[in-house]
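Per-chain residue numbering starts at 1, and chain names A, B, C and D are given in the order in which the chains are listed.
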Amino acid sequence: MNEELLHPLEGFLREWMMPHIWCEGCGNGIILNCFAKALSELNLDPNKVVVVSGIGCIGRISGYTNTDSYHTTHGRAIAFAIGAKLAKPELKVVVISGDGDLFAIGGNHFIHAARRNIDIPVICANNFNYGMTGGQYAPTTPLDAWTTTTPYGNIEHPFNLVHLAAASGAVYVARWTTLHVRRLTESIKKALQKEGFSFIEVISPCPELYGRYNQMRTSLDMMSWFKEASEVQHHFDPAKAEITRSKIVLGEFVDIEKPSYGRLLREKIAQIQGKMRGGE
Amino acid sequence: MPLRIWRKPLDADKIKIPQAEIHIIKDRCKGCGFCIEFCPREVLETSEELNVRGVHPPKVKDENKCTLCHFCAAVCPDFAIFSIEKDCGGGC
Amino acid sequence: MQEKPSQPKPNSEEDIRIGVYVCHCGLNIAGSVNAEEVARFAATLPHVVVSKDNRYICSDQGQELIKSDIQEHKLNRVVVASCSPRLHEPTFRRACEEAGLNKYLFEMANIREQCSWVHLYEKEKATEKAKDLVRMAVAKAALLEPEEESEVPIIKKAMVIGGGVAGIQAALDLADTGYQVYLVEKEPSIGGRMAQLDKTFPTMDCSICILAPKMSDAGRHPNIELLTNSEVTEVKGYIGNFRVKVLKKPRHVTEECTACGDCARVCPITTPNEFDVGLATRRAIYTPFAQAVPSTYIIDRNLCLNKENIILCDKCIKACEARAIDFDMKPETVELEVGTIIVATGADVYDPTSLANYGYGKFPNVITSLEFERLINAGGPSGGNLIRPSDMQIPDTVAFIQCVGSRSDKGHLYCSNVCCMNTIKDSLLIKEHWPDTKIHVFYVDIRAYGKGFEDLYKRAKKEGVIFIRGLPSEIHEDRKINNLWLIGENTLQKELYKVNVGMVILSIGIEPRRDNELVQRLLTLSRNPDGFFMEAHPKLRPVDTPTGGVFLAGCAESPKDIKDSVTQASAAAARAGILMAKGRITAEAITPELIAENCTVCGLCARVCPYNAISVDKERKKTEIIEAACAGCGTCGAECPFDALIMRNFTDEQIYAQIDAATEQDADKKIMAFCCNWCSYAGADFAGVSRMQYPTNVRIIRTMCSGRVAPKFVESAFARGTAAVLVSGCHLGDCHYINANYQTKRRVEKLWKKMERLGLNKDRLQLAWFTAAEGEKFASKIKEMQEIVKNVSEEEIEKSKALLAKALPEKD
Amino acid sequence: MTPENRAALTGKHFMNGDFASAEGAIAAGCGFFAGYPITPATEIAERMARRLPEVGGVYIQMEDELGSMAAVIGASYAGVKSMTATSGPGFSLMQENIGLAAMTETPCVIVDIMRGGPSTGQPTMAGQQDVMQAKWGSHGDYEIIALAPSSVQEMFDLTIEAFNLSEIYRVPVMVLADEIVGHMSERLVIPAPEAINVVNRKRPQASPEEYFPFKPDENLVPPMACFGEGYRFYATGLTHDERGRPRTSSAEAQQKLVQRLCDKIRQNTEKIVKIKETMLEDAEVVVIAYGISSRSALSAVRKARERGIKAGLLRLVTLWPFPDNHISEVATRVRAIVVPEMNCGQLVREVERAAKETPVTFLPKLGGEPHRPMEILKAIRRVHS
């Protein structure tokens, strides 16, 4: 076996940033893998793709994708992406960030971007806690779960992210785990081609912190949890899709058509400028 | 159909299933073991050797069993493994 | 529900006028029963105003006689002593009705199947028994009441189980008649066994060429809904109103499939193809064969790398342009409502592996006739070349061995019907392709009974096929070249032979499907000892089953060739069509009548009812019988402690009257047998049909189900001094009333305990299960009980009379 | 997305400062505005909402000022001149990403129409209380540029200037106007587009392979590539090297980067700074003022001259970077310095620092009213005698 041969996805990675900083068995690498795969299968022009991320472990992903990419401040990835996308609509601007970044400090931007139906796919790595800062509880941490800031068990109810996204107006909402790589890749491809705001939640293992505190010491433990608990049910009512230890409903929850902010904006501008020319 | 099926099918030798060539970039591996655990054909196993990171990368147990489903490559968080179709000029 | 009959009920005994007709049935009865004497005796019985004997009372003039007598003598009851009511009761009931007499005022005494035929050599005793049987019938007749039958609508939809040529034919016939048909097939495609065959005898036309058009007709027919890869899991309801659950197993390929085959080409998993009996390879995603209907591919999830919901391999998904692959398909249960069901579940073929002396599974060049079909088929794995698996060479000598798994205690005792002609056809096929091939056929008998069969046989002989009578005792293999030595005796020449051939074809027989037992349970059918489904009557209702609304077609009923299967299928379709055309069916007036003032709403009846046909409302103090759901087994009547349920046409009084009549003379020498209509009474009939002789002292009382037999009947039989009592029904699990016979079992066991407690010999009460085919078993049971009867002492009889006296119905 | 000339206004107009600032932005080639309504800056948003579509630009009203500032950076990185406008409370929220803009060297303009604080304070009244926040508002060391218009005309001119500076130095530039300048209406003359000097960011000369997004030219400012141009660069708010690679624990990298972020402004101060001097040649007393206060100061200086006092006015057009050298030089020529500010003393501290021995008299003013000329005149006379 000659190792000179390059990995088929090598071209989609920013080679001078590799290897990535993520822990052994961290799901972020798999998400990066699936994202790169999606790009290669769609063969989009990488020069027209912008990856925007926020703060947190997965926030580093913008450093690893061989595209234009920007690593914003805590929670602002979506807001930044909106600016970039509206300024240059021909770009594919993708937000990849974590559950804490997108739904705690950045929660406001998420719901409003979904409401506006901005043409941006948002991929959320949900590892149930704040990894980068050492495993504190997040808006997705299950009730009773242990983290470094819920030493007596979590007393906060977690967000059901797919429900939140659907209720906020996203036109495409899906949930997979890092074990369901093929389906995740397909979903990412779909989201990249979808007009409007699409959201993909990726349940991702954090064995070093969340797993360690919650009786899943290794990444394999966490992956087998995903394997046991997951069931695929497309068009399932997102309101009933809370994640529990015994059941994780996966699938495409929402896939609808709705004019996007971008389309309405362009139409509006064309209309106004048309009037002005007519005015002369 | 109750008839016991026991013969080697007549076309058994004619059916060409592509042979795999598995590549492992050892020093990228962080040793999560996903590729070994989730390979549907149990093609891989943990090796004895230590890589630069001090973990045991996977090694190929039986390359002939690989069906080139590429799941190992797809589930690897570290881009450390992939498989390609063996070019054996019709030799295999 | 039940409006009172128009005809005035005879209210006091004076009005009862019974006519008795004793049939000679040529010599069938008269041969061992003195019919005239029986008729003379009948005349002496109470209420009998006319009593005649007649050569063939079932004949037109026989029936005319009854009719005119009804008019002339103002008869209001008719008793015919002849064959089994299971055969001619409908005939005579019709005659009565035509004469304006309610058909429920007719009663039969079975003096043929259950008397003359089983006592061929004891004329006196047989005659005495016949008198008893008539006495019993007359006693019951005196208590018969006119009844009105309630009508139930029939759902004008049919289900055909099994998509082989029989199922397809039945479905097409019904669909063309205009009925909606659900065709349920277990396999991914319809077509069945016939699709595997190369040519068909005797016409030698291409099997798939004539089948494929029918398959696609069935697939395309607007009135046919195909449910392939599906299994019937539950059948509830009754004739005309079945509620069926069918489990549709997921194909994981949607209708979008264009059958282009791109998916299979990339699928990395291979396995031997069942359709080619393992001679060719298929993938995990496949279509069973080129002409499959539906043509949609299917994924074999047992082989596919993708388990649970994780897609490990996505080669087929990627290859499929139609995007028809769907790994998320789940099994779904569809509920159907149909009026009729046709069982065309087909048969299996015999696996000769167990016959070690033929070396199948050991010697590569010993193949089965089914493997031969695939080899000789131009579309088959060898492109139509009859090649030896060992070296892919075409053999210059072959041998056919007949009756492999048939007509032998090694395998099955019955003849599989098709193997002889199939071999002859095969031999001619070989001659046609490779005329110089030397062909030996080792046989027991050649059965070329059908139209054009003998000609084909002659042709084979003319072509030089060598027929040798006497099967080889063993086969040896020549290790070097894998040729085979056949050693045996030519029973015509009375000499040993040792023949060397390049290939041996085992002409394997047909055997019942493994899952017949399941189908039997689902539809409460019965099977013969060989395991094939039983017709309601072997001669007169050959495609009906004992379960109303359910019909048989094809090899499910018995081994048969394509022509017979198709014929039977059309017959079954016609029978089902007749039912549905009527649109309504009259339910026999054998359902219970509730005597509200006796009912305490205790709910015991509801608890034992197999059909949940009784609703008990303790609040509103109301018990209600749902006539449409009731099948009339009478288990409730037997259970009711308060005589609140009258089982019409099988009332307590009528049964007591039969018991009394049967025990009027030397009860202490007699066996009282309670037989259920479907299995044990039919079994007793079958004993008669097969002329099995047994003691004359048994007196059979027919009930619809053994569940009708109330303990008090048994007790009163003993109280009347009967020596022994037999309670019999269908085998547990085969009950025609789902599970009513478990109540029988419970009650008899209780009775045994009681007898023990009272210090009575419990052997005098026997419980036995018979199928309609177990005439032999019935006969030997009676013989066995005869021994018990011999040993019952006077005291024992007296003791039981005394102890059980209170069981007797108080006479006013 | 440069404005079509047809849509750009020219000629004489009568409008308020907020509107003028909006027109300046459009004249400067602004194609993107993200903001959140807040008094007294709302009119800028309203004007932009109406005008941007006409020139093919994009106006979006974000969910808050955090998002507004982030969006402005995003648009700028996508290659479109972008801005926001706000007032004190919103300005505070924007500081987070003003820091990010400084760190990732993002050209962008923030117009802050100052009102009375702290907190919600006096929404409809004028103030000059954000002067220090503009300089020090975000955490860490960095430099920005801040301009202080004192008229409607300057609202127009300095907004253009702000865009030009932000493009030249890849730095957030603030227009610090007070509520009065923002809301008052006066004559505005808009030159023909060709007469307006519009500067655009420096584009990379290097090939995408050799392009390092944070590798400066001799003026310490790196050429800027934008999204979608094939450079496939990476920018992060983390301390990074010239290539953009995060260097979170390298003292050397932090030293190099942060020092340059400051120096690229400091070392160009002379180029950046604008000052207006009136009757300063022979002045013994100088009033140093900016924004609306400078207009009261001007009439105070005139009145002083009528009374025979040699007074002069030094108006700071550029607040940041602070023109230390110039103030020191003037200080050596005068006896006293008077600084009127509509706060409790912010910029005066910078003046005192630069003036060295020369005495500085501070005139604070709170409550939203500007200084009356007489108040300033009194002070002049006091320090003169």
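Please note the rule applied: a residue touches a chain if its C-beta (ideal position, glycine included) is under 8 Å from a C-beta of that chain, and two chains touch if they have at least 3 such contacts.
The shown structure was predicted, so the numbers you read here are calculated from the model rather than taken from an experiment.
J.: Can you list every chain that touches subunit B and also touches subunit D?
T.: For subunit B paired with subunit D, the chains in contact with each are A, in label order.
J.: If I average the Cα coordinates per chain and compare with the overall Cα mean, which chain comes out closest?
T.: Measuring from the global C-alpha mean, the nearest chain centre belongs to A.
J.: Name the chain whose C-alpha centroid is most distant from the C-alpha centroid of subunit D.
T.: C
J.: Considering only C-beta pairs in contact, identify the chain pair with the most of them.
T.: Highest contact count among chain pairs: A-D.
J.: At what distance in angstrom does the C-alpha mean of subunit C lie from that of subunit B?
T.: 54
J.: Starting from the mean Cα coordinates of subunit A and subunit B, work out the distance between those two points in Å.
T.: 30
J.: Can you compute the centre-to-centre distance for subunit A and subunit D, using the mean CA position of each chain? Integer Å is fine.
T.: Each chain's C-alpha centroid was found; their separation is 37 Å.
J.: Between subunit C and subunit D, what distance separates the C-alpha centroids? Give it in angstrom.
T.: 99
J.: Using the touch rule from the top of the page, what residues of subunit C touch 2 or more other chains?
T.: In subunit C, 310, 312, 314 touch at least two other chains.
J.: Could you tell me which residues belong to subunit B and also touch two or more other chains?
T.: Within subunit B, the residues that touch at least two other chains are 38, 71.
J.: With chains as vertices joined when they touch, what's the shape: line, ring, star, complete or other?
T.: other
J.: What pairs of chains are touching here?
T.: Inter-chain contacts occur between A-B, A-C, A-D, B-C.
J.: Write out the stretch or stretches of subunit C touching subunit A in their complex.
T.: Against subunit A, subunit C makes touches at 308-312, 314, 317, 328.
J.: Of all residues in subunit B, which touch subunit A in the complex?
T.: Result: residues 21-26, 28, 30-34, 37-38, 55, 60, 71, 73-79, 82, 84 of subunit B touch subunit A.
J.: Under the definition above, what is the set of subunit B residues touching subunit C in their complex?
T.: Touch list, subunit B to subunit C: 1-7, 9-12, 15, 17-18, 38, 40-41, 67-69, 71.
J.: Okay, in this complex, where on subunit C does subunit B touch?
T.: 268-270, 272-274, 276-281, 305-307, 310, 312-315, 348-349, 351, 353, 361, 364, 368, 370, 381-382, 387, 389, 392, 514
J.: Quick check: in the complex, which residue numbers of subunit A touch subunit C?
T.: Against subunit C, subunit A makes touches at 179-180, 182-183, 227, 230-234, 250-251.
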